[in-house]
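In the two complexes below, subunit A is the common chain; its partner is subunit B in one and subunit C in the other.
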Partner chain A sequence: MGEVGLYVEGRSVIHNLDPRVKLLWFVFVLAASIVCQFDGSVAVFIFLSLVVGMALAGLPLKRLLLIVGYSIVFFIVTILVWASYYQDVGRYLFTFAGVRVTDVGLLVGTGKFFLIINPIVSMLIFFSTVKPYDLVQVFSRIGLPYKAGFMLLLSLRMLSLAVSELRNIMDVQKARGIEVDSRNPFKRVANLIPVFVPLVIRIMGLAWELSITLMVRGFGYSRERSYAFPLRWGSRDTIAIILIAIFYTGIIAVKLAGFSTYYMIAGV
Partner chain B sequence: MGYAVEVRNLWFRYMLSEEWVLRDLSLAVEEGEFIVIMGPSGCGKSTLLYILSGIIPNMIRGEVKGEIKILGRDIRGLKPEEITRSVGFVFQNPDSQLIMPTVLEEVVMGLENLGLDRGEILGRAREILSYVGLDKKSNMPPRSLSAGEKQLLAIASVLAMRPRILILDEPTSMLDHVGTMKVLSLIESLKKNLGITVIVVEHRIEWAVEIADKIAIMDRGTVVAYGEPSKIFSNPELIKKTGVRPPMISEVFYELIDRGVKVNRIPITTKEGIEELRRLLGRSAKPGTLT
Partner chain C sequence: MTQPFVVLGRDFWFAVAGILWIVGTVIFALEISGRTITRRGIVKVDLRWDAVDVSVTALTAALYGGALAATGGIPIIPGFTWVRPGNALAPLFGMLFGVPGALGVAIGNFIADALTGYLSIGSIGGFIGNFIIAWVPYKFMRDHSLRSPRSLIEYYIWGDIWGGVISSIWCSLYISWWLDLLEPVIGLPRALVWGWFAPWVIFNNAVVTTTLTPILGYLLYQPIKMRGLYWKDRIRFAS
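So, the complex of A and B:
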């Protein structure tokens, strides 16, 4: 599976959708997450829809696990903060780390957690399934300068160049006797200076060469540019956006109508 | 046929620098000619190429004096996009010239910037990829190519824009032997098949004398010798003074001349050397003993 930046090569149903569908998907996820930010029991459905999206896209499970893994600390902190804020409101559930957790505190805490994590997962799906080439067009089609989309592409390119230069410089400095892998953390940080100084200088040189390359390839000379592989909106995209709209507006509507999964199950 | 490049009394110094990098440099390149520029490091070769491709003064600032004409027009009256359409530029480092995620996208990028229609973009891209032998790798990421192939791709990306002048700044200096051979044979084929004007800085002298219509030797910011390779290397004094390494076969004949051997001409290629040696050995060399 080829990867460029976050993009993962694939032929899944999600990959084949027009990038604008995925961008609108993100907007719906964001809107629904904002509406459900005080009720994690509803916001969790948004998260589950994104997990289904990731599965349909055939994205490596590793990516989802990474997000979940890294967000556990964030999840615990969010719950503690909001549970302590709402510890005198609602029904007492349990005490955690000295904080009296109530149902209201837990719902708000999880809602706030999903408010952050859902758009992140949605963006992950976007960048993992939209070709870097198409990113430029997405920006153009939504009325932004194509140069803005290109900046994203260039930053991905610079990142890979920087990583390769970093490896080279580390190898050279190791050969000169600098212990970049020292066990002593202080020594290690100090020894990284001879790595990062040449790295920064080299990156500046590469950025300069890239900008000259863009110039000699005529980049930015006209406001409009043509595309060899233009985005095409098909019936599949229309169906997808209708389904997405129904699902997320449904969630928004039921939430605004006062529905809560937790209260329904708990019978409160 | 007119001049592709005309430079007269060119002086240049970089911004905030007191020192002139180019000093009273003159050079005229006819359309369709193949020019190899040589000279020691720091003699101003790259600076000259930057000026001819419009990088100076559009991206690099400095003081320019003198006359510079590209295809008969003063370069200072041309917009950067007009220069881009006429002059293609390829650098030493293939990695920093490749931006897009796939080989095909790399080639189409410049054509998209020119605003061509889709059919023409794809037609030109496939044609040039086939020409450089990368058509079967069009969907691969450039990072998966060898260094030589990356440089071929960089050249292809520029050639797809159909410049009338192609400038290459030491295109093989970062390549291994195999990559170098691939790139040099592509550059040779440009002369034979496409007939575009090629100006290349290259230090492989044996290759240069075989392929170049003219060689320009630069030293301390100016062109000290310019002409057909056979004329340039027939002057051992000048060659020794500039520090440019002559073809090995010419060096042998410089030595013979120093030792008092009278030669008709100083050969620049192995083939010419064999002929001249045969003539010198004359009576003693039987046919077939020196081939």
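So, the complex of A and C:
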């Protein structure tokens, strides 16, 4: 976890882009992934572009591996379920877990896998490289009330406090002999009661202090909110969005034209 | 757990979940805009989203998101089924803090998705689905103290009876319908949505909300009320 929530402090080229560029990047990734959802051999290039994006942002690829690794069973099942719909279509490749996997089934299965994972990685880049302060401005710019964005910002700010309090309380209860990390899942769930009770009391005890702080700073006084550091769209943002648009519309165009990397390599 | 979904089939559940989705979305929009449904119809609520409401929402979101992320994933069947004890806080926050608490639960779920790296289009369904888990006991229970037989009976009717039916099933069907509808955009196979995801969400929520929530509610009602944060002490319905 970064300084606040998922944000990772950095001065990379991706960090320096306007958040709106990264939001549009997500939209392009989603659109391209939808178009390529039946062909994993093309959708993989969208995924690779995001891996490059993560590397450019200086984000540890371990994060990506954790996401995929944590749900590996789920992803394999997803690919197999999709592949099972196409058992009788295409060239037979192999049988796995009772599913007759064909080349068409595998292309669809992997295409759907990338349809799930690509937007997730794109959002991961977005939240890891956009400062929570700027998030509020993005919310305002897309027409949401600033209070909505502010609530999210405040939640993210309080998150690190909540998590550190949670860990402290867990340590204290462990020291008192309560097995909060017991191997027995039922015992572990039950032992969270002496963790959650002090946690809620401690954190909610801050509600009045926090609201007084907000009040004395004039929160809610005006319908419009001003920002000390407003978002500024620069030439590098324009260049970035043009490059992003060219790359993803290119992928969409070649896919719609019937191109498939697999069929090109296989010579079918 | 999956039997009712397999026996009744996808079309049945899609139709039922569609109705619940529409009702849930309308309720969410009404509550956020400061209106609520009562026996007298739709009435205005004295909810101004002032500094206190915003603070309560933000703190509950941080608590819920942090609890889900930090205690999430206690495996029952490794790789397939796990419980998230943090879910126990969802109905509790609705009961204690009202709409700001329910909105905090929705934002908290969104944050947990972001923290665990699963934030995507599907999270929009999870946002309102989690709001509903908190909203149902807030709205339908009259006594939120969980310190009287009546309060407990009300909780188990609206919060959890029939294995978490009312709020947990509503939440599960809400999200599942969204995932089914947006299958071409999200990519989850419909068979997996109704055969695995929907029963799993119900199981997951039911396990912790039937066991942990009433105990937590019993222990936390007084401290929260003493601090003046209990929603009935702050929020009034327009006459």
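Here, the second predicted complex is superposed on the first by the 239 of 268 C-alpha atoms of A that agree within 3 Å, B and C clash if a C-alpha of one lies under 4 Å from a C-alpha of the other, contacts with A are read in each partner's own complex, and residues count from 1 in each chain.
Operating definition for what follows: a contact is a pair of C-beta atoms (placed from the backbone, for glycine too) under 8 Å apart; a residue touches a chain by one contact, two chains touch by 3 or more.
Everything numeric in this text was worked out from a predicted model, so none of it was measured.
Asker: Where does A:Leu154 make contact in the superposed view: on subunit B (first), on subunit C (second), on both, or on neither?
Answerer: In the superposition, A:Leu154 touches subunit B and subunit C alike.
Asker: State whether A:Lys131 touches subunit B only (first), subunit C only (second), both chains, or neither.
Answerer: After superposing on A, A:Lys131 lies in contact with subunit B but is clear of subunit C.
Asker: Looking at the overlay, does A:Phe96 come into contact with subunit B only (first), subunit C only (second), both, or neither?
Answerer: Touch partners of A:Phe96: none, neither subunit B nor subunit C.
Asker: Can A:Tyr262 be said to touch subunit B (first), subunit C (second), both, or neither?
Answerer: In the superposed model, A:Tyr262 contacts neither subunit B nor subunit C.
Asker: Please indicate which partner A:Leu214 is in contact with in the superposed arrangement: first for subunit B, second for subunit C, both, or neither.
Answerer: Both: A:Leu214 reaches subunit B and subunit C.
Asker: Contact-wise, after the overlay, does A:Phe247 reach subunit B, subunit C, both or neither (first, second, both, neither)?
Answerer: Touch status of A:Phe247: no partner.
Asker: Based on the superposed arrangement, let me know which partner A:Ile203 touches: subunit B (first), subunit C (second), both, or neither?
Answerer: A:Ile203 sits against subunit C, while subunit B stays out of touch.
Asker: Counting only touches as set out at the top, which of subunit B and subunit C does A:Glu224 meet: first, second, both, neither?
Answerer: first
Asker: Tell me which touches more residues of subunit A here: subunit C or subunit B.
Answerer: Comparing subunit B with subunit C, the partner touching more subunit A residues is C.
Asker: For subunit A, give the residues common to its interface with subunit B and its interface with subunit C.
Answerer: Common interface on subunit A, subunit B vs subunit C: 154, 157, 161, 206, 210-212, 214-215, 219-220.
Asker: Show me the residue ranges of subunit A that touch subunit B in the complex, using the header's touch definition.
Answerer: Interface residues on the subunit A side: 2, 4, 7, 131-133, 153-154, 157, 160-161, 164, 206, 209-222, 224-230.
Asker: List the residues on subunit B that touch subunit A in their complex, please.
Answerer: Answer in residue numbers: 53, 55, 58-59, 79-81, 84-85, 87-89, 91, 93, 95-97, 99-102, 105, 108-118, 121-122, 125, 141, 143, 157-158, 161.
Asker: In the complex of these two chains, what residues of subunit C are touching subunit A?
Answerer: Listed in rising order, the residues of subunit C that touch subunit A are 48-52, 54-63, 65-67, 69-71, 73-76, 79-80, 83, 85, 88-89, 103-104, 107-108, 110-111, 114-121, 184-189, 191-192, 196, 207-208, 211-212, 215-216, 219-220, 223-224, 227-229.
Asker: Write out the stretch or stretches of subunit A touching subunit C in their complex.
Answerer: 1, 5-6, 30, 33-34, 37, 63, 66-67, 70, 72-74, 77-78, 81-82, 85, 112-113, 115-116, 119-120, 123-124, 127, 147, 150-152, 154-159, 161-163, 166-167, 185, 188-190, 192-193, 196-197, 199-201, 203-208, 210-212, 214-215, 219-220
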